[in-house]
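The block underneath contains the structure these notes are about, expressed in structure tokens.
Chain lettering (A, B, C, D, E and F) follows the sequence in which the chains are written, and residue indices restart at 1 in each chain.
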Amino acid sequence: MNNLIVLPLIIPIITGVILVFLRHSIMLQRVISTITMITVSIMSFILLEIVESEGIIRLDFSGWLPPFGILFVADSFAMLLVLTASIVTTICLLYAFSTIGKQIETMFFYPFILFLIAGVNGSFLTGDIFNLFVCFEVMLLSSYVLVAIGGKKVQLRESLKYVLINVVASWMFLVALAFLYGTVKTLNMAHIAQRVAEVGQEPLLTTVAVLFLLVFSLKAGLLLFFWLPGSYSVPPAAVQALFAALLTKVGIYALIRTFTLMFPLNQDITHTLIGVMAGITIIAGCMGALAGRDVYTIGTYNVIIGVGFILIGLAVGTEAAITGAIYYLIHDIVAKALLFLIIGMMVYLTGESVIKNMSGLIRNYPLFGWIYFIVLLALTGVPPLSGFVGKILIGQGAIEAESYILLAIGFASSIIVLYSLLRIFLASFFGETTISFEDRKPIPKGAYGSFIFLAVTIVFIGVGAESLSVYVKDAVNTLMNPSVYIDAILKG
Amino acid sequence: MESLIVILVGILVSVGTYLVLSRHMIRVIVGTAILSHAVHLLILAMGGLKKGVVPLLGQSEDGFTDALPQALILTAIVISFATTAFLLVLAYRTYKTNGTADFRELRGISDE
Amino acid sequence: MTFELAIILLPFIVAACIPIFYRRLPKKAIGWVVLMVPLSLFLLLTTYIPRIAKGQTFSNYYEWIPSFNINFTTYLDGLSLIFSLLITGVGSLVILYSIFYLSKKESLHHFYCYLLLFMGAMLGVVFSDHLLVLYTFWELTSVSSFLLIAFWHHRKASRAGARKSMTITVSGGIAMLVGFLMLYSMSETFSIREIISNIDVISEQSLFIPALVLILLGAFTKSAQFPFHIWLPDAMEAPTPVSAYLHSATMVKAGIYLVARFTPIFGGEMIWFWAVTGVGLLTLFWGSFNAVKQVDLKALLAFSTVSQLGLIMSLLGLGSIAVYLGYSKDSIIYTQAAFAALFHLINHSTFKGALFMMVGIVDHEIGTRDIRRLGGLMPILPFTFTVALIGSLSMAGMPPFNGFLSKEMFFAATLKITQLDVFSIDTIGVLIPVVAWVASIFTFVYCLIIVGKTFFGKIKPDILEKNPHEAPIGMLISPFILIGLVVGIFIFPNLLGHYILQPAMAGIYPTFPSTEELTPHISAWHGFNMELWMTIGVVILGITLYFLLKRWKPIYRWIPQRLTLNSLYETVISFSENVSESLTKRYMNGNLTHYFSYIYMVFVIVVAGVFFLTNSFEWSLVNNSSVESFELILVFVVIFAAVAILFTTSRIASVLLNGVLGYSVAFFFVIFRAPDLALTQLVVESVTTALFLICFKFLPDLTPERTSKRVKVSNGVISILVGATVTIVGLAVVNYEKFETISTYFEDAYNLAGGKNIVNTILGDFRAFDTMLEVVVLFIAGLGVYTIIKLKAKKGDADIEN
Amino acid sequence: MSVKETLEWAAILLILLGGIISVISALGLIRLPDVYTRSHAASKSSTLAVLVCLTGAFIYFWFHDGYVSIRLILGIIFVFITAPVAGHLICRAAYRSRVPLAEGSGEDELKPLLFANEDKPDL
Amino acid sequence: MKETILLIALTLFMVAIAILLYRVIMGPSMPDRAIALDTIGVNLISAIAIVSILLKTKAFLEAILILGILAFIGTIAFSKYIERGVIVERKGDS
Amino acid sequence: MKINDVILRTVVKGVVFIILTLGVYLFFSGHNAPGGGFIGGLVLGSGIVLLYITYDLETVHKKMPFDFKKVAAFGVLLATGSAIGSLYFNAPFLSQTDGYFNIPILGEKHLTTVTIFEAGVALTVIGTLVTIILSISEDE
């Protein structure tokens, strides 16, 4: 039954609302939200299986056939991301239970998280460009609250900037939508693709496409990442992890979707532009990561580098590169979530964020240290961990397409990633310990559980890349042949 | 009319942008409000203006004006209202905790 | 049989078990258990020798990620066998040595875990036929080396050394990976053997040379070739067994392995020849030259390792000429260089391993490795002295030790190459033997330093106070086995040559039909030829220089500290850190206004740029509807109200004017036949204004913008450009009428959805999903407002800022 | 001209009258010297303008379309009720926030009663 | 003819609004602005009524009533703000 | 000194009645004429806000002791619940139906499930609007 597709969005929303009524029974809130996310994850997996075996499925809301109604489209690309996002959210929730604190929990923390994931899932699934805007807003509004939750001085300061920049970004989205509607007179993404292809993506349509590029770049942190470092370093660790894992990825998803499905025809302009922007993003991210003296700065700029790297895949645009981009996207969601959970835990344990001031953590928390080391290697792209497959495929694509500059920038960035993360490892985990064994704070069990689970996932994505390849290949097939998607929507 | 509205939108966008580029919180927020007015008009203009009658059935049956942009704008108005409400509250909380409404003084990173 | 797989996996499995089971074992036992791994593997591998010597190879295929052609192919041939024997053989000895070397207080489980990890990775490198799997293991060796160097991570120098080695070797690895990917894109295969068999197709392509250079980068960084050698001396912060194992015998030879492995692919290129030979020789010279000035015995050995690696590298470069020349009676002679390389590889492992262990003993017993504080140890440490003497002499290329044989072959190869006239060898090729010879002199000098400064001369009084004595027998076993090999190989070189080196030669020159021809007969005595004279010259000059050391040592001060490669590396890193920091701080200054101006500038440049670049501007008034006078007035009202907001100095006035704007927009909605919109806009506008007023209780009044004129002007320009961009694109879009809108469908709303208000049916039925989510957005905002207001940070919460 | 036609014309003329009154009242709002007198222009003549206009519209709809609009009547009543209250409130607020009277307004008798004990305005 | 007169009336209302805008912009006091805004709202009511006649639709009649309500609520809010600085009071405040 | 609000309060009592009636009217007329859940909700909400403006927080709260957050939450539940309902009938998510039902007293009436959905929307709008205004006003 196609109605399954809406579940990743509607279940979190409904339980989120129900949790509002259960405000003061924290245990119940925890249990329900966990069950919800596990259910959503399982659902997503089932859907992924269905999509892989039966092809793209869609759900026309209220039964209105496209292009008139709104619809959800589940293809393998979207479902892969929904699945990953749901799993990561589940784990971040697990982490939050033991770290977030009662005060925030009674302030509707779990509903906001559930709304966030609902918005994220909706953005992945929707097949209607205006609905994408609305889903973005669901996600953004929750994220606004989550950045500021806790009410600390820095949080409010950074969240205000974050909100304002995103308000302007949403404004740009609306401008782009206005122009899009003014030209192609439709909102269904498949229908847009069809109409754009009909006139061969005329210059004006390319201008509109570029506008969308900017809008999604703002969300993805591609070139226009100014909001990112500040706002990602202030919220509670579980929220940081979710943000690092999901928010930019939604922008990246939208970029990939837009430029493979709707505006794939004028690649000279659009993809060159994406390439240039990705290159500058990586360089700027590398500089930021090099400059970083504290864990947050290093972590956030690594997020930026990751964004640039994935979008090299899109800019290059060959089949291998897109495959790599998808793999890397999945890897990045998991690895960045883990990275930020660890960073948050480090700050919690030491009360410091400057790497020089914490030292020798590995003595007191050996497993914790080694998990960080695994993330470090994964983010560098050391095989057989998760980053590796995506990286080589993007590299292959770049070579095929002869974009050697992007290739060089992309692979050189791995060195900076390694260097910056290694600096944290050496300064904070290695060295003489500053806290004696007796004085150490224990790491909550739930937090350990989430670390281990994510670390195992990282290893699995790398070693078991083959098991994902069916889905990824299916996803790439859709992305590389827009007609598959269009036919599934408009001819079904 | 459409061209006139588009030009008007351009002027509103300029004003809004200038306000958004100010240092004071309130100016910036008013700027975002003006920007959203502008974009609502823009969306409407994109559907064609005064090209038909009010989109209510039963009054006259021929040539309705484009109803879809109107529905989109409605959604957009609600969302921008929600955002503005949140933004205002966030702004005053920020002002109260940080003690300034000037974005130059809210930098936080380099002044440490 | 899948023995090969088991060989690779066994160390990993045991390594994984150690952290789990180490608590149940007595501290000492852990070493002995671990020792079993390399020992059994070594024995297992020796069973392959006869079969491999017959020319057999063993390969197995396991699927990993077949979708992307990533598979695990083990391939065991002569070349792999040499390295795997070294890895397991030296590994056994080093573990045996370490059992006695490391005290029980150390975290031994970590140590052995890393060591086994390394061993497995290294075996993986030499057994993999698949490029990416090779790369996987390659990076694993870097990682395990990092962990071992940082074993004493509470020492600052250890951490710095570990970081340097990791950064450099992984960077090289990444370059190599790119090279591999280029090879793949040319050959459509990741299998080294298949690439070799398709070499004719590949070598024509434009990516061939870049791939060559990148792969060489990987090899050079790993094998510590000039100028990447700087990590190796710093890596000596690792415990001595590690230095002996990784940083002289095995890991640094991975680069050598790679070059040997890829000789069949790239060997025919001039760049390959000159890069490998040239860099090798430069490294040989630079390493030996710098070794002389070292005062730390381990650093000295490190530089000597660098130098010896250069030697082997340059031999491989010389040997590659045979690939270029192709198989013929004349070209066979040049393959001897490669043979010498392999031979020296083994020899180097034996004597350098012994020397490292010797230094470890000295360090362990005396407590220092500084040659300025050592001296006269011969009577105290007689056995150690024996090791040192034999090892050093072998390294210096003196008979009757194996180093002599390979050194002679090296000289012979350098001399022989000068007779060629390809690749402009005939002009600058003369330098090859000269550099080799000069470097050998320095080698001789530092060998003398090792022995002389440590064991001869007067004993320093502070050493005597500690009452040092000879090392325990356990620590001496391993070096003595190695020393035994040093002598043994000298006596029976051809045994080695026939059984082990000969099959390996087939790996380097797979296109040459007969391996018999590739294996020269090694003999210690070959008459008074040029090579021997060169050796004699080395001895004479070396001894002279050793005794005049004090006179000419000031040469080293000619190179100022700032210009050394090490400080260059440091400078580059700190420079890039500082530059990035200042640049990043300059634009990421936390000032929202700046961020906005960047965003808007990008917006204008990109959108307007693309718009004009593609020449999309088109505009006509034909399709426009009419303008009435009252509408015009309204337009002006809106414009005046908007502009007035810019100049108003009171917050209420600006909010009121915004209200005027909102009401006017609502009136526009009325004019444009949008009743629902007008209603909504009116209500929302009023409520928003009320919200502003409510919040003003907590907000300050507007202050005049204290910005400079320049900023104001630039903001003005930006905003006008943004407005203009939106306008021009908008005008073009208005003019664009190619498609019929989909909304005509909704005009049948009453039949479809049972409602007469089209907008409302769209909201409530056709696009009800939007409405549903919009309601959720509103709800989140309401809840968010509540949360933000009620949830205030407690005093105690520390603000952690970035 | 039929009755219907006449009434329609009457309605339209009422509307025109409303327009004229509203301009006059707007001019009054500009010309009058202080907020209290301006409020007079706003609440009296403007309200008159809108009432006249709405009545015109009501009549027009009634006779042209045969449609008796409850909403319009309600609107008229509503404006009729609320406009004075609004004028009252705003004037009181103005006075309490110490907006000065125009010169030559005569004696301010309320001042000693209201602000006798206060020195500073509270806004 | 009718239409022309209606358009003239509409233009007159717009002129009135434009004049009132001057008062909103120039002030000088807050109550001045509030009054002017209120009057703008009231004038808009008339304008909407005329437009609905012109467009021959009853769709905007709700807007008239709503605008009346909102102008009222807005004015009350303003006057309270001007008078007391607060819009919604708590019992203890005065 | 307490400011005398008698005039205001007297008028508002009547006005609020008109506003609330109008709100309900707008809510129901939405499907065929301008209006609908959202506008209806907003008007109802502004009526309540007018009460808060005229009286004070405590007085109004005594008369209307709702937790408006929960009202809003209930509204969202209603809106999504009406959407979920279609799952039960195996129809696409959010399917709306309409039909003519013969109700004993009122006679034949045109009823649509959209009304439930719109009621949810309206409740959410009221709840959210009041929550926002109350939260801010209660802040110190």
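Here is the rule we go by: a residue touches a chain if its C-beta (ideal position, glycine included) is under 8 Å from a C-beta of that chain, and two chains touch if they have at least 3 such contacts.
As the structure is a prediction and not an experimental result, all values here were calculated from the model.
Novice: Quick check on the contact network: minimum steps from subunit B to subunit E?
Specialist: Contact-graph shortest path, subunit B to subunit E, evaluates to 1.
Novice: Is the number of contacting C-beta pairs greater for E-F or for D-F?
Specialist: Higher contact count goes to E-F.
Novice: Taking every chain's C-alpha mean, which one sits closest to the mean of all protein C-alpha atoms?
Specialist: Answer by centroid distance: A.
Novice: Please tell me the distance, in whole Å, between the geometric centres of subunit B and subunit F computed from their C-alpha atoms.
Specialist: The computed centroid separation for subunit B versus subunit F comes out at 25 Å.
Novice: As a quick test, compute the distance in whole Å between the mean CA positions of subunit D and subunit E.
Specialist: That gives a centre separation of 10 Å.
Novice: Centroid from C-alpha atoms only, then distance subunit B to subunit D, rounded to Å. What do you get?
Specialist: Roughly 31 Å separates the two chain centres.
Novice: State, to the nearest whole Å, the distance from the C-alpha centre of subunit A to the C-alpha centre of subunit E.
Specialist: Going by mean C-alpha positions, subunit A sits 47 Å from subunit E.
Novice: For subunit B, write out the residues touching at least two other chains, lowest number first.
Specialist: 20, 25, 28, 42, 45-47, 53-54, 56-58, 68-69, 74-75, 78-79, 82-83, 85-86, 89-91, 93, 97, 103, 106, 108-109
Novice: Where does subunit D touch two or more other chains at once, residue-wise?
Specialist: Each of 74, 78, 82, 85, 89, 96 in subunit D touches at least two other chains.
Novice: For subunit F, which residues are shared contacts with two or more other chains?
Specialist: Touching at least two other chains: 3, 8, 15, 18, 22, 26, 32-35, 38, 43, 46, 49, 69, 73, 76, 80, 83, 93-94, 96, 128, 132-133, 135-138.
Novice: Once you draw an edge for every pair of touching chains, what topology comes out, line, ring, star, complete or other?
Specialist: Looks like something else, not a line, ring, star or complete graph.
Novice: What pairs of chains are touching here?
Specialist: Pairs satisfying the touch definition: A-B, A-C, A-F, B-C, B-E, B-F, C-E, C-F, D-E, D-F, E-F.
Novice: Sort out for me which residues of subunit C touch subunit F in the complex.
Specialist: Where subunit C meets subunit F, its residues are 675-676, 679-680, 683-684, 686-687, 690-691, 694-695, 698, 753-757, 759-761, 763-765, 768-769, 771-772, 775-776, 778-779, 781-783, 785-786, 789-790.
Novice: With touch defined as at the start, can you tell me which subunit C residues reach subunit A in the complex?
Specialist: 63-68, 70, 132, 135-136, 139-140, 143, 150, 153-154, 156, 159, 162-163, 166-167, 170-171, 174-175, 177-178, 181-182, 184-185, 207, 576-577, 579-581, 583-585, 588, 590, 592, 595-596, 598-599, 602-603, 606-607, 610-611, 613-616, 618, 726, 729-730, 732-734, 736, 738-743, 745-746, 765-770, 773-774, 776-777, 779-781, 783-784, 786-788, 790-794, 797-802
Novice: In their shared complex, at which residues does subunit C touch subunit B?
Specialist: Residues of subunit C touching subunit B: 585, 588-593, 596-597, 600, 619, 621, 623-627, 631-632, 635, 638-639, 642-643, 645-646, 651, 654-655, 658, 661-662, 665, 668-669, 671-677, 680-681, 684, 687-688, 691-692, 695, 698-700, 702-703, 705-707, 715-716, 718-720, 722-724, 726-727, 730-731, 733-734, 741-743, 746-747, 749-750, 756-759, 762-763, 766-767, 770-771, 774, 777-778, 780-782, 784-785, 788-789, 793, 801-802.
Novice: Sort out for me which residues of subunit F touch subunit A in the complex.
Specialist: Touching subunit A from subunit F are residues 69-70, 73, 76-77, 80-81, 83-84, 86-87, 90-96.
Novice: Using the touch definition from the top, list the residues of subunit A that touch subunit F in their complex.
Specialist: Within the complex, subunit A touches subunit F at residues 1-3, 6, 10, 13-14, 17-18, 20-21, 59-63.
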